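Shared chain: chain A. Partners: chain B in the first complex, chain C in the second.
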Partner chain A sequence: MKTDRRLGVISMTLLFINLSLAKYLLVLPSLIVREVGNSAWITQLLKGAAALGLFAAFAALYKPYTELGLGEVNRRALGKFFGGTLNVALSAMIIIRGAFLFRTLSEALRTLEAASASQEFMALFILVPVAICAMKGFNANADISSIIMPFTVLSVGAMAAILAPHFRFSNITPILGKGPVEIVTAAVGKFGGFFEMIFLFIFSRYISGYKTFKRSGLIGIGAIAAITAVFMLMYCATVPYPASKKFFFPLYQLSRLIMAGAFIQHLEPLVVFIWAGIVLCALTTVTLGAGELLASAAGTKDVSGFVPILAAIIFFAGELPQSEIMAYDMYRVVLNVGHYVYIAALLLILLMARGRKIEKA
Partner chain B sequence: MKRLSLLGLLLAAAVLLGGCGYYVEVNEKSYVIALGIDKGKNDLIKVSFLFTSPDSGDEEGGGEKKKEKDIITLEAPTVYSAIRLLDTFRSKRIDLTHTKLIVFSRDMAEKGIENFVTEFVNTRDFRPSVYLCVSEGKAEKFFHSIEPKQDLYIEKYIDRLFGKVTNNSVNEAYLYYDYFNASPGWGGNILPLVGVAKKENMEAAEAKFETVVPDDFSANYTADEVPIDKDDAAVLCGYAVFDDKRMVGTLGLMESSLVRMLTKNLPNGQFSVYYPPKDSYYSVDLHQIYRSKIKVTVGEPDVIDVTVRIMGEFTGVDSEFKDESDYDDFLRYLDDTFSAKLKALFDRTQREFRSDVFNLGDYAKRSFLTIDEWKAYDWESRYPSAVIRPRVIVQINDYGELRDAAEEEG
Partner chain C sequence: MKIRDFFLYSPKNEREFELDEESIPEEELGYEPQMNEGGAELSGNYKKDKAVLDKELGVEENGDVKLREFTLRIAERDVHCAAYFIDGLVDKDSMNDFVLRPLMLGSRKTQIRSYRDIMDVLLVQSEVKETNTLGTLTFDANYGSVILLVEGYGKAISIDAKGWEHRTVSLPETEKVLRGPNDAFNEQLRGNTALIRRLVRNKSLIVKEVAVGKISQTPVAIMYIKNVASSQLVREAERRITSINADCIFSSAELEQYIEEKSLLTLPQFMSTERPDRAARALLSGRVAVIVDGSPFALIMPTTVFELNESAEDHYLRTPYVNMIRFIRMVAFLFSLLLPGIYVAVVGFHTEMVPTDMLMSIVSARDKVPFPTLVEIIIMEIALEIIREAGVRVPAPSGTTLSIVGALILGQAAVSASIVSPVLIIVVSIAAIGSFATPNYFLGISARLLRFAYIFLGAAAGFMGIMAGLFVNAVLWTSTRSMGVPMFAPVAPITKGGVPQTLISPQIWKQDRRDDYVNPKRKFMQGFISRGWKNENR
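Coming up: the complex of A and B.
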């Protein structure tokens, strides 16, 4: 795997945004709306603010180890056995979460694009390019993310502009939705927060220096919060609550509402195309992240050997839930519980590293 | 260079990724243009399918031959079970993606249509651009009465009938999404009303106008009442009114224009108004530039202020209008008349329908911080006793001068 090129702020930020949008744009909006009502956009802003604070604190602790990567810091801080075990455990959690997301999205893609095709076919259709891209390495994935992301942001912006006549202020009132307690609970305690920030720590050895690492994280979290808040606002302003909680994939439903003249309608296939792009890049990043942790546990820097195994695990773990609904429910549970584990693990590793004054890179 | 060529080759190959494994030829499908749902026996429903006919199209070599109607009615427990039955004798695959219109009969609407609409929204078979309406009589009969004289195709006829914008038209687009979105149990709803007019309506109208002033406001017909010198004419006229669950009444033609003032823009159109001081009829061309201003002050009682500002011009200057005060008096009369008609419309929603048909609660909702507070306020039960103060201001543009009686009065 080539690791000669270090990523700058733009590439790393776009990769991070892409990874988070797969969750925030595709799966979470309806869950968050169900939880907090039409104030989902406020939840996203709060979530972003909380994540900024958390990332700034973790980044300050991580400053001396940017060149190592989280897996290596963990191995050095906790020792080969405990550090390696924690790396494997974290890797397993990332893969399981990725597998349920993968199953949910491959089912959705099948329903929308080829309802009569088998789910396994769609799963392989996604997983093969993911595996190939992951084999090509981190930089290749970052480059593809850099190409896809602008189109994703542009498409959301264009959708907002076209749907503007549908927006109703009354749809986002009462302004606090189900109430401030629900907003705060959803913002800090549910749906995995901005747990994707852990990937910045995992991949930090590919980033050109601490400043780039920190700026990528701060800009990325800010951008994700802004993009997803705009998307939620657009959704809530278009579809009033409680009708808004009935749609499984709001992005798709919004794309169906686009009817600007004879030509600008029937845009769902385009949305699905962009959607597939986001999913492919996000799953590649998940595979590489898990591989990076496993490689650190094994004391090697070459991730490519783990990619086929991880791809196979994602496929088979994704097939475990008996139905799409079961996969979705399991994904929700992993999201709600998992981020506490990630935060606790990150905190433990960084405190141990600081406490034991491990060798700096 | 080799890499670039390979990349180019791969990108070119990507065009083929769509594949053709699940393709279906267009002429292998049977396209449903409109779907009618009537009440059947023993809790069954009667589903009528109005199809495009292939006789002027692909299979017979083209040409602009007018299409015959192809209507099939089946009795089944659900719409989809009717489609399954349809499949037993139609050679082509049934396709709903080009459906333009869904018609519920009045008796179905009075039972409630929310479950049907939710089912249609949740399936991908229907486009969101389907018009939704209620038929005063049987939906099946409405389909049989459709005669697209000026249109070659029935689908064009439906598109034009429901999509046209005049001051008497009911609405430019009533998508089922609008109904689905606006019916979360927090207020009422309205849907366009269709029906089948009869020759006898002429006599009924003549009898009516022996006792009332024959101006536009008196001609407040619903779909089945439109006086027309023809039997079984398909008509789109007025609205079906729903409370949060089921249909509770109808609004007539002129009330539809008032609804347009409230909900959307009133497009250009002539209004004929009887003016008692001159004992004469005047035509004014009215249109709406500004959206209605609606303000709800929650409290005991709730107060709803509705201000509608309409622009217009005289289309005929009466010789009896000698000076400016005549015009001003007429403007004041228009203001008062339109305000009174709007008040009467609101009174009907409060006394007869007992439902916030025009979703004025959307404006009340803004005074609350949380959904729970809003729910606890129980707007639907408070709406009938709210004080509604409608005010219509008509501004007449007369020879480059803007006249506004209300503003001149201060």
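Coming up: the complex of A and C.
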């Protein structure tokens, strides 16, 4: 029977949300709070609105090429050599982000779980599942995401409900934090924080048509903005400013506040399930995304051959920073700067494709 | 002596005994069928054909192959006949009364003018056919038919007279229900298909029969409802079954392994049921049921993980009960899969989760135990598996002894000897009971097997190890297909309207759609308003 299938709106949207949430649940909230103070949640909503507009514009440009995938569009628009080179460069950028995400998670796990174990040992439990999932292909990754995402949203929702007694309205005042100018500046300047939209373009050949592609993007960005705004609000309402700037792993720190009572004293170890699930899924998507671009550069459609190499690169690139703090700082730099490159590259490819009128799929 | 011979064993050329028969050439040992095959035909010459049939059926070699020779009278002339049958496979009464008596006596009382009258006038059996293909004749003889060779006729007649010993329809062993029918399949194919047809009294129910096993020629029935099941699904089931290139198939369990996609996966990829009502319901939902002669189980295909967690009784219970029981079953399955692993992880890595008083109690209970938690739990799990395995094979009267010994060893003695801690006994017991609460036996075994992996993962990396295992497990399970349908459908991938119905069973009158992932030809199982009386009241 037919086994290759195209993803629908729900599956693709969940995958997209999952990919974006990984960084928000790990490190990002404290970074945003550093910039805009208590109004981080408003910034998220504004960033979401800006990202929606950006995606709508890009999607309109991309309409004829949905069946191709970004790597192939790139290769056709810029030619085999330049297109291939840009694909490799984009792939490298994606891998670097993935590597820091991986390092951050493995360090976090080492710190929180097994202080005696080496970070490399914990890395084994991240990279092996990621490589296995990536070898199974894009559909397997989307399926896993469909299972993990509802649990994540439910868990975070439950956490919000349990933490409700800890919420203090005074913690989120002044509502506009450091001021409207900072909010708008942060929102406009960092709208590329939704850079994961580039994966929709990379994987567009797996999506059932342009309509699904566009709806997945729009719903996904809207949902991410809403979920992260709620999460930020929860975070800011619970942790007073400026302590909220200092928290390393916000989700974990929030979970530490929960005292579950007689049977389970602390719930924070259970957060590892949410955390690890979502990051494993995101890392698989990152690996597959990079593999997809490399496969396009090599003129093939089979990504599985690249997976072991990419997993190894993620591991070694993740090991480059000498300490946890250094890894965290580098990740912050990559997050702050990297997305401009993606947005610029995406714009360049789409304009070139339109300008050169490459043949449609 | 060569160096190779020093290290490796080489059998001597001289044998201590010799086989009598000539050695069979290697090429003939492959999958070339030796029986019931081929298009060789009878010649039409009575003596020659009789000699051929004698040889093919092995009249002289086989004690159970019987030959009855007699004459019958056709057109005022005595004609020689030979009836071949296999003792034990035919119903003697039926053969005597409806085959031999009409032929030997009837042909003399009634005026038989032509050979055609043998079938039209004399033989009153319901299933009679003429053929001269040797393969068909030998197959029929081995499947309870009487083969009649008539001088001058040119063809042989195959008369159905099946009648062998078999179990009667009895209570289901593994799928008992409180409300609902209580009949189960037995080992007789035709009886099993009849049990289903008795429930689905519709001309669209198709029972396609194929023979599987080059030598065993086991009859296999592929059942589906013509205007409900997807043609693609039916074709695929038929293609997989008919393409089996093996000597023998004796049960649906063997057939399952030949046609499933991933044989090394712990997850069963088809549902097996011993209940006709469950098979009938599956057919009505657009699935295919496969029944193997000699096996009291029907294979339902395709199936999903969620269906494996359903019990036959789910359809007979009221909606709130079903949903509660399903939830309990899901929890039981998760306990059976993860609880020991989680225990090891908590004790080894996440002690902060446990309240101090409880932690102190666990620690004091483990105080005299000399082993680490991992060793302790592995000892217990292996002991439990041994007792469980022994329990399957032990004769019923010894069962009580086994349970007493098991309970004493696993419980009191092990704790008293400080080999394991009491908390561990509770954990292992809950996990074991959880696997029994799983409705599908093979899913339960799957959980038992995977439990060991989770124990090691939990011991190695705590919750992260368990999560990594769950992730890989989920990847392998979601990427597995049952006849092309993903095993996690309709959740992963998500299908239209499938998720709510799968996770929470609606009222029976709201279950109007067939599962869309099996791609049925008819989407609806009942009318939009299935309770017509509600409509009338308006």
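We take it that the second predicted complex is superposed on the first by the 349 of 361 C-alpha atoms of A that agree within 3 Å, B and C clash if a C-alpha of one lies under 4 Å from a C-alpha of the other, contacts with A are read in each partner's own complex, and residues count from 1 in each chain.
Please note the rule applied: a contact is a pair of C-beta atoms (placed from the backbone, for glycine too) under 8 Å apart; a residue touches a chain by one contact, two chains touch by 3 or more.
Worth saying up front: this structure is predicted, and the values here are computed from it rather than measured.
Peer 1: Using the superposition on chain A, tell me whether chain B and chain C clash or fit.
Peer 2: Because the two structures are overlaid on the shared chain, the partners are seen to clash.
Peer 1: Touching A:211, do we find chain B (first), chain C (second), both, or neither?
Peer 2: Neither partner.
Peer 1: A:117 contacts which: chain B (first), chain C (second), both, neither?
Peer 2: Both partners.
Peer 1: Go through the superposed model and pick first if A:80 touches only chain B, second if only chain C, both, or neither.
Peer 2: After superposing on A, A:80 lies clear of both chain B and chain C.
Peer 1: For A:63, using the defined touch cut-off, is the partner it touches chain B, chain C, both, or neither? Pick first, second, both or neither.
Peer 2: neither
Peer 1: Please tell me which partner, chain B or chain C, touches more residues of chain A.
Peer 2: C
Peer 1: Please work out whether A:142 is in contact with chain B alone, chain C alone, both, or neither, and reply first, second, both or neither.
Peer 2: It touches chain C, and chain B stays clear.
Peer 1: Could you say whether A:265 touches chain B, chain C, both of them, or neither, answering first, second, both or neither?
Peer 2: Touch partners of A:265: chain B and chain C.
Peer 1: Using the touch definition from the top, say if A:239 reaches chain B (first), chain C (second), both or neither.
Peer 2: In the superposed model, A:239 contacts chain B only, not chain C.
Peer 1: What is the contact status of A:177 with respect to chain B (first) and chain C (second): first, second, both, or neither?
Peer 2: First partner only, chain B.
Peer 1: In the superposed model, where does chain B crash into chain C, at 9-17, 189-197 or 315-323?
Peer 2: 9-17
Peer 1: For chain A, give the residues common to its interface with chain B and its interface with chain C.
Peer 2: In chain A, positions 114, 117, 265 sit in both the chain B and chain C interfaces.
Peer 1: Going by the contact rule set out above, which residues of chain B touch chain A in the complex?
Peer 2: Contacts found on chain B: 21-22, 118, 121-122, 124, 127-129, 177, 180-185, 362-363, 365-366, 368-374.
Peer 1: Spell out the part of chain A that touches chain B in their complex, as residue ranges.
Peer 2: Touch residues, chain A against chain B: 37-38, 111-112, 114, 116-117, 168-170, 173-180, 239-243, 246, 256-257, 259, 265.
Peer 1: Show me the residue ranges of chain A that touch chain C in the complex, using the header's touch definition.
Peer 2: Residues 1-3, 5, 7-8, 10-11, 109, 113-114, 117, 121-122, 125-126, 128-129, 132-133, 136-137, 139-140, 142-144, 146-147, 262-270, 272-273, 276-277, 280-281 of chain A touch chain C in their complex.
Peer 1: Going by the contact rule at the top, pick out the chain C residues touching chain A in the complex.
Peer 2: Within the complex, chain C contacts chain A at residues 232-233, 236, 346, 349-350, 352-356, 358, 457, 460-468, 470-472, 474-476, 478-479, 481, 483-486, 488, 491-494.
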